[in-house]
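Below, subunit A partners subunit B and then partners subunit C, in two separate complexes.
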Partner chain A sequence: MNRVFPVLAIVAAVLFAAAPFVVAQTPNEATMGVVQKIFYYHVPAAMAMFLAAFVCGIASGMYLFKKNEAADRLAVAAAELAVVFGLIVLVTGPLWARKSWGVWWQWDARITSTLLMWMIFVAYLLVRRFGGAGAEKLSAALAVFGMANVPFVYISVNIWRTIHPTTAVVPKLPGGMKGPFWFCAVSFMLLFGLLLALRARLELRRAELDKLYLQADEE
Partner chain B sequence: MQNAKCRMQYARRRLAVLLMLLTIAAAVAPAAAFAQPPQGSPQEEFVPVKDLPQQEQLPAAPLLVSAYAFVWVALLVYVWMVWRRLLKVEREMRDLAGRINQPGR
Partner chain C sequence: MFLRVAWLVMRKDLTVEVRSREILYTTAFFAVSCVLVFAFALVKEGRPLEDAAAGILWISVAFSGTLALGRTFERERHAETLRALMLAPAARPAIYVGKLLGIVLLLLVVEAVLVPLVGLLFHAPLTARPLTLAALLVSGTVGFAGVGTLFAAMLVRARSRDVLLPILLYPITIPVIIAGVRGTAALFETPPADDLAGMWVALLLFFDIVFVTLSLWTFEPLMTE
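Entry: the complex of A and B
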């Protein structure tokens, strides 16, 4: 990891630096105009949030059923990333909505379920930090519920009446929008992978530090 | 006799007028029911968007720039926080390892 990480970090930084220039070349959307370009960061951030929720849920399941400590460390890292990327989604969305819908917030199925999912992962981190003994298992159970929420958030726009664009938008993107969108999506996924590795490393070092303290107490 | 004839003619005319008014009313009523509510006074001048009151103008560029700036700032702050926590833990580990390995302990 030590050799590959700096290379991938440079690639991610270059992709992120290039992304605004790539997005600037995309055509303006017919009805929403230039504000629609928030889409190129908003949707990849949502994809990263969903991925983080899946990683956290699966790793928490492994911790609950197999007592795998490494999986628990990965779950903590993924939960924190679900909160960070979720915050990006919940801030960029209203900035887009204010211009295209005329309101900052709408209590519709997609937006409300995304907020609830984000709050589940905030609760995970709070339980983890302040829950005391047994907090690991309680937070792991919360993460499984958070992961179970992902399909509902995804299909909510197709089932309930909502003013949020449906899931058909991305597969139907026209040529001038498709390339820049996937460029941004790859940038976000790469960054997600790097941040997950970095954050999981922090948890590993903390576990090692705890062992060192125990060793120091015994001697 | 002539008076009675005149009165008959007058009554027929009144009935005809009444029937005509009812026919017109029957034709107009549904149209009135489905009509749009009355609009305000018709537009007498065009207003350039830059002359709109401040609260009705909403330029898109600041919202777009704010969204992109927020993403960049949020990610940079997060990377910095994780990096700082990692450095702190590693420094603590070095200090502790140094104390454990100190001769005379």
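Entry: the complex of A and C
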């Protein structure tokens, strides 16, 4: 971890520095023109957010049922990243929507479920921070319930009209857009992985430090 | 055995409630004030807003439900009876079911006051489809209280539980609120949209099954110190 991390961090930095140039070379989309380029940040950030949410939900379940402390540390790290990447999605989304749909916000299934999922992870962090003793379990339960909730939100909002493009858009991207899109997606995934590992390690160090404090107190 | 424990826990809660009537009176009064606040906000020149009734009904249910959940477990905490319940040689999920039934019954009584009031103040056609309306209310209340009972029980030990309960509860119960409001709004149309309302009842039932199962499953590890 110690040796691989700086290398990967440099790779991620180079990828992100190169991304604007790669995106600039892509063909303009026929109807939306240059506005569509926000797609190269919006969708990879959303992918990172959903990955983070998924990691947090699974890790929370493992902590809840198996009492696995490492899983709990992973869950906190993932929850924080879900909030960060979610914020990117929720900022870039309305910017794009204003230009292509003419409104900042639509109560569409995908958008609403993303917002609610983001809120669940904000609540996770709030509970974690202000819940006092036993907050780890509480927040783990919230993550598990939050995961189970997503399909319900999606179905219930889907009855209202949907204008957000579906995920089927990504595999059908034209050639000039496909490469840059996956370039950005890989950059975001790498950043996500690095931050996750770093944050989980910080949590581990904190736990170790707490243990040392307790030991020093006893002596 | 399971059902017997659940029944006993529910009877205990209802007996305490019948003797003091504290939660029932305060929650019902709160729900009524809620509806009145909406009436003052949304009634213009003596006429209620179109389609407002369903939303107001469910917001009032959600708000007063949160209050009732908090109060029920505050009472357990105050008298240290939750610890006694947990020490009892009974299955934890049975205790959860007992608490859930008690809260659902309490909320249904509150709704029995709330629904006619909303009908009266916002000109909602309550009598058009009373059975579907009842199905929506019961399944919605079970879903809301199912998640709420678990979180309120867990929060008993937490520091800032009054604030944390709505923070945890509302994002998770959004589907219940959406389904309840949309279903009720479909019923209040003239003529009532039966298909749509039926679909929302089905979604609520599905939600109830998934979330009550999940709660039964997590109640044990969550309530163990």
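Just so it is clear, the second predicted complex is superposed on the first by the 206 of 219 C-alpha atoms of A that agree within 3 Å, B and C clash if a C-alpha of one lies under 4 Å from a C-alpha of the other, contacts with A are read in each partner's own complex, and residues count from 1 in each chain.
Keep in mind that, in the parts below, contacts are C-beta pairs under 8 Å (C-beta built on N, C-alpha and C of every residue); 3 or more make two chains touch, one makes a residue touch a chain.
It should be emphasised that the depicted structure is a prediction, and the values quoted were computed from it without experimental measurement.
J.: Let me test your reading of the model: by the given contact rule, A:Leu142 touches which partner, first (subunit B), second (subunit C), both or neither?
T.: After superposition on chain A, A:Leu142 lies in contact with subunit C alone.
J.: Considering only the touch criterion stated at the top, classify A:Leu126 as touching first (subunit B), second (subunit C), both, or neither.
T.: second
J.: Regarding the shared-chain residue A:Arg110, is it in contact with subunit B (first), subunit C (second), both, or neither?
T.: A:Arg110 contacts neither subunit B nor subunit C.
J.: According to the stated criteria, A:Arg73 is in contact with first (subunit B), second (subunit C), both, or neither; which is it?
T.: In the superposed model, A:Arg73 contacts neither subunit B nor subunit C.
J.: Quick check for you: in the superposed arrangement, does A:Ser156 touch first (subunit B), second (subunit C), both or neither?
T.: Touch status of A:Ser156: second partner only.
J.: Write out the stretch or stretches of subunit A touching subunit B in their complex.
T.: Residues 16, 20, 33-35, 37-38, 41-42, 45, 84, 87-88, 91-92, 95-96, 98-99, 191, 195, 198-199, 201-202, 205-206, 208-209, 212-213, 215-216, 219 of subunit A touch subunit B in their complex.
J.: Can you list the subunit A residues touching subunit C in their complex?
T.: So the residues of subunit A touching subunit C come out as 64-65, 116, 119-120, 123, 126-127, 130-135, 137-138, 141-142, 144-146, 148-149, 152-153, 155-157, 159.
J.: Touching subunit A in the complex: which residues of subunit C?
T.: 147, 150-151, 154-155, 157-160, 163-164, 167-168, 171-172, 174-175, 178-179, 182, 203, 206-207, 210-211, 214, 218, 221-222
J.: Quick check: in the complex, which residue numbers of subunit B touch subunit A?
T.: For subunit B paired with subunit A, touching residues are 58, 60-61, 63-64, 66-68, 70-72, 74-75, 78-79, 82-83, 85-86, 89-90, 92-93, 96-97, 99-100, 105.
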